[in-house]
């Protein structure tokens, strides 16, 4: 049963773009749960946002999560184009 | 047959958020089984929790495990939204 | 419902090559959303476009996204050859 | 035909936990087949078991193999909970 | 509709080996589209072809693309052995 | 149509262990096709076979290829145990 108070009530999204945003959220949440301090994460951000290798790796994580979200939505095949 | 005394009795979870927590657990267990010393793991934590590259890589592992858990739960499609 | 004003209205493409281009776009978008400054991204490009390790890693991200796009298009099986 | 004398007679396991153990075995076997010397592997272990980056990467490999084992067991859906 | 003038008219191949060659092509194309200069790519080649870490990473990208091509061909199950 | 003279005539194997061996072969072939010199590959081997990070990464590539081979064989479900 989905929980409206959850940060992840469902994997369903109305559009592919919303699904991509959810993939970003899924990617960030693992970092947040491992490093709960917003202050430390802000410090780290100043580093990785200027490090091409880390930015590429972030894109990799998002790609894996987007696979999951896209499959969960049957690739939005039934959405009207 | 599922074993109630197991750390992994089932891949089924009630909600996507619980599935994400299980993905975190699956990710940590491989480290725990390779490095059984809690003391050493605590030392390592002080390092990786401030290393953006390693935090991103942790998010990567969680993403792969979440794919597995999500598929096992048929993406929680039948859960009530 | 697909949104014509979206950068990602659909995962459907007419051809495998167009699907590959979409995979490139999906790969770049995660970087863009993490580092919104075009100026910084241009600086980073001068680095990674001459770094074989990072180019290979870009190819890796594209490969993951192409898996998603290809599955979404049922591998273009019904396309006329 | 499965071979009882094989180190990998089957991908079927009774429980998810046993499946995770098999994923660990699959992960280690590639290392063993590439570096057959137990002595060298023991030396390497003293290094990677204290290197958080390598431990995370081990967890990554286990996650990929667990996907395979979980799919092979249809996610243990028919196991009694 | 497939385009005969495309570098990727289809994901179908007659044999697994041809599918593997296509996976190599898919892997290289992302590099080519990111670094269009053949001269620079030739320089980079002299580096990565003697760097075991990068060669392994290339094998990783090919493996991901081969998954896609193999699925697109239903693993060549109907091919005559 | 499968080609008996091919290094990859089929993805079918009789057992999971043979499938794992095929995954190793698929992993090595990408390296071989990128670095055709056996002499250079032998030099590189002396390095990566004593580098835990590279050995783990090799295991990663094998894991991805084993996913493909296992799926191609329907996880050897119909094999007699």
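Worth a mention:
Residue numbering begins at 1 within each chain, and the chains themselves are lettered A, B, C, D, E and F in the order written.
Here, contacts are C-beta pairs under 8 Å (C-beta built on N, C-alpha and C of every residue); 3 or more make two chains touch, one makes a residue touch a chain.
Everything numeric in this text was worked out from a predicted model, so none of it was measured.
Common partners of chain B and chain F, by the touch rule above, are D. Ranked by how far their CA centres sit from the centre of chain C, the chains are topped by D. Both copies, chain C and chain E, contribute mostly unmatched positions to the interface they share, with under half of the numbers common to the two. Seen from the Cα centre of chain A, the chain whose own Cα centre is farthest off is F. If you average the Cα atoms of chain A and of chain F, the two centres end up 32 Å apart. Computed centre separation for the pair chain D/chain F is 16 angstrom, with centres defined by C-alpha atoms. Each chain gets a centre from the mean of its Cα atoms; for chain B and chain C, those two points are 28 Å apart.
Within chain E, the positions touching two or more other chains are listed as 48, 53, 57-58, 60, 64, 67, 71. If you draw each protein chain as a dot and join the dots that touch, you get one closed loop, with every dot joined to exactly two others.
Listing every chain once round the ring, from chain E with chain F next, yields E, F, D, B, A, C.
Those residues of chain B lying in contact with chain D across their complex are 1-3, 6-12, 26-31, 33-35, 40, 44-45, 47-48, 51, 53-54, 57-58, 60-61, 64-65, 67-68, 71-72. Across the complex, chain B is touched by residues 14-17, 20, 24, 48-50, 52-53, 55-60, 62-64, 66-67, 70-71, 75-77, 79-81 of chain D.
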